[in-house]
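Read through the structures below before going on.
Okay, so chain A shows up in both of these, paired with chain B first and chain C after.
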Partner chain A sequence: MAERMQFEYNVDGGNFTRAGFASSEIKKILKKLNVDIGIVKRTVVATYEGEVNIVAHAYSGTIYVDIDTERIRINLKDEGPGIPDIDQAMEEGYSTASSQVREMGFGAGMGLPNMKKNADEMHITSEVDKGTEVEIVMFLNNKE
Partner chain B sequence: MTVADVVKVLGLEVFSGADGLDRDVTGGYVSDLLSDVMGNADAGEIWITLQTHKNVMAIASLKDLAAVILVSGHEPDDNTAQQSDEENIPVLGTSKSAFEITGKLYELIK
Partner chain C sequence: MVKFFHHALKFRKDVCIGCSHCMNECPTQAIRIHGGKAELTDNRCIDCGKCYMVCPVGAIIVEADDLSRIFDYTHRVALIPNILLGQFPEGVSISQICSVLMEAGFTHIFEVEHGTRVLEDAMTKMMEEKELPRPLISTFCPAIVRLIQVRFPMFTDNLMLLKAPLDIAAMYYRRKLEEEGISPEDTGVFYITPCAAKIAAIKSPVGEESSPITGVINMDFIYNKIYTKVKQGLSGKGSCCLPAMQPLQPEEMVWSLTEGEAARMPGRTLAIDEVSNVIEFLEKMENEEISDIDFLELRACDQSCAGGILTSGNRFFTVERLRKRAEEAARGNDSMIYDTAGDSIRDHFDYLNEHLKVTQIKPRAMDKLDEDMEQAMLKMRKVQEIMKDLPYVDCGICGSPTCNSLAEDIVQGKAHVNQCIYVQKRWEQEGKLQPKESMEILKEIWGEDKF
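Now for the complex of A and B:
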């Protein structure tokens, strides 16, 4: 593969019809690059949960994908309400999703824990009333 | 076993994605919580749910699921059926409850 590839996707807050589009494009790219299927699967789970969190909880965002021979780095950055207590948000079952979002089957409070489980590294930074940035890193070459 | 075999034995309706009826079925997963399915379902499984909106297909496609069964007489939204046709992942239906159809599917593929 080329030494380094970068892509970005816009995500609209509130637009559930398009939720998963960016994750699906990223999956296609990783498969085309012949990335190990287990890594593709874990990346897809983590990316989708991050994408849906922008749709469900933020106003708008961008997903930045940066792939080189060592690792896949995905940065999900949004403008939104931010997360006041990140430790609490990371707890399984914690959710502030609206009743409308819950009716669709979102809002189990499993998204961030899913991301943590599937990513090799995950970093969250957030500022209340500004936005949230979640970075996930997947190591290629079986480096943990 | 293929999705077509499951359709035949369980008497399911095929709403959409008929080109995917030859997909192999490796198991099943039952949940109406989307991030539960995202985190715990495996490729090749049939997903049993009452959710009918388009995000169901986004997940079915991202997880390479074999098919989706909508329970209790639910029908897919138009854009759900459309994406099912595009991805060749069948959306199936039954008037039976999740409990009943899961029991039958389990007996069939265990």
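Now for the complex of A and C:
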């Protein structure tokens, strides 16, 4: 059977000090696994945006990482307000971030579009008042 | 594994007392203790010199060239960085310093910082190229270049592929002498270095074919030579033998200090010195937590080259003196004797510009557990398994700097889990290990004489 590894990280809503911790850990793992640095770079960008979205917009969440030699699959799942209109949320510049969040340098409405740009595949599902699930997939064998 | 780099730092086994200070200080975890001695993993070392600074017995030496080597050449150029001038207290004048160098046998003296003007032009041009990645990172400090290659391979594309001021200064001086009719074989260009990283870079240039620099002399050696002579009043009285110097601009004089480059680059720039500060910052940048920076000046030593490991003066005074010199120069009172009529580096900008570029700087990632991803995954799983038995104390008694580095060493077949003192105690308790055996293990790591 092909090797496969899984990891899990908890993310607290509202804790900006720790935002980026999970992406950083994932980066370290991918470097140790000798994943192509270009792919590591794109994975970190996408995961970081997703992680910050949980911190900024949701109450709490978990990031599930699943790696095999073919692909990296990252699932960012949260409990939170959910996204009423996903197409709108995906638009560049659309943001509901509070002024407080904007003061911290977030809230340009570029996170989700940036995730899409960097991931090979991205799927979002969301239920209002329950939560959001974003899945990104990165292919490791030059399927860009 | 392939040997990547030449290292200027050498560990003397006969002097080393196996105290592990160096192991605990090394920012890339390049050092292990075995048989009571420090052992270096070549591929990880970036020549920052942190280990050299903390070794209590001088077991780490910096291998430079012998001063007598200059006499292999009829034309002997001393390439001096401004930092050398900043080593000495007020009373010692620049002309005194230069006369001692001439008495030591040099025939020409040239300040490295002359290489910064043409470099600044080239850097500014690069900053205007929109398609280049951001931030662009200066390649001025060779330890930083190596740090990026081994620990932050993601940013090798951000490195400005340009030579350092000392290479440019050397190229110019060689050409000038050649134009004066001196055969290149008769010219020896010797750099007086404040750090080990520059030596390593000269002996095995990263991304360059060969270096225009013939040899390297340690700054602390020259410092002692100069200071002794000056103190004894034996020198520096007459400036009879002083060569003509070309004037330096104030901003060129402070190029090697922190902010020296950042202050000259357009856009949002940042200057960070000291290797752990740099690592902290690059990690954040790698995590995407930092963006919108156009230019990064990174230096491995605190206070940049003023804090080089081969300097003798206090780094803060050195900075103060050099800034003062620049201020004085800005007011038009530099104490150097200048020859403005002769050949100037500015007359050779076209030539230097053509030879300024460095070929690609390749990543040399050292974090990977294996080339093959599947193997790497198997090894990572083993590391996780081993970590369950280790205490996360990072005590270093096993001879590796951290529990995790021991686990990785084990997986790579370079260590055994019974090197961990906690594991030993547990195994003794369980009857799996005799006290005599665990003593043997400790002796193997720390040496017979420690017990």
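Here are some notes:
To be clear about the criterion, the second predicted complex is superposed on the first by the 141 of 144 C-alpha atoms of A that agree within 3 Å, B and C clash if a C-alpha of one lies under 4 Å from a C-alpha of the other, contacts with A are read in each partner's own complex, and residues count from 1 in each chain.
In the analysis below, a residue touches a chain if its C-beta (ideal position, glycine included) is under 8 Å from a C-beta of that chain, and two chains touch if they have at least 3 such contacts.
All of these numbers come straight from a predicted model, not from anything done at the bench.
In the superposition on chain A, A:23 makes contact with both chain B and chain C. Touch criterion not met for A:122: it reaches neither chain B nor chain C. In the superposition on chain A, contact is made by A:48 with both chain B and chain C. Shared-chain residue A:90: touches no atom of chain B or chain C. Contacts of A:111 after superposition on the shared chain: chain B is touched, whereas chain C is not. In the superposition on chain A, A:32 makes contact with chain C only, while chain B stays out of contact range. Judged by the touch definition given at the top, the superposed model places A:137 against neither chain B nor chain C.
Looking at chain A, you'll find residues 20, 23-24, 27, 41, 44-45, 48-49 touch chain B in one structure and chain C in the other.
Within the complex formed with chain A, the chain C residues making contact are 153-154, 283-284, 286-289, 363, 365, 367-374, 376-378, 380-381.
The part of chain A that touches chain C in the complex is made up of residues 2-5, 20, 23-24, 27-29, 31-35, 37, 40-41, 44-45, 48-49, 67, 69, 140.
Per the touch definition, chain A reaches chain B in the complex via residues 16-17, 19-21, 23-24, 27, 41, 44-45, 48-49, 52, 104-106, 108, 110-111, 113-114, 117-118. If you check the complex, the residues on chain B that touch chain A are 32-36, 38-39, 43, 49, 51, 53-55, 58-59, 61-63, 79.
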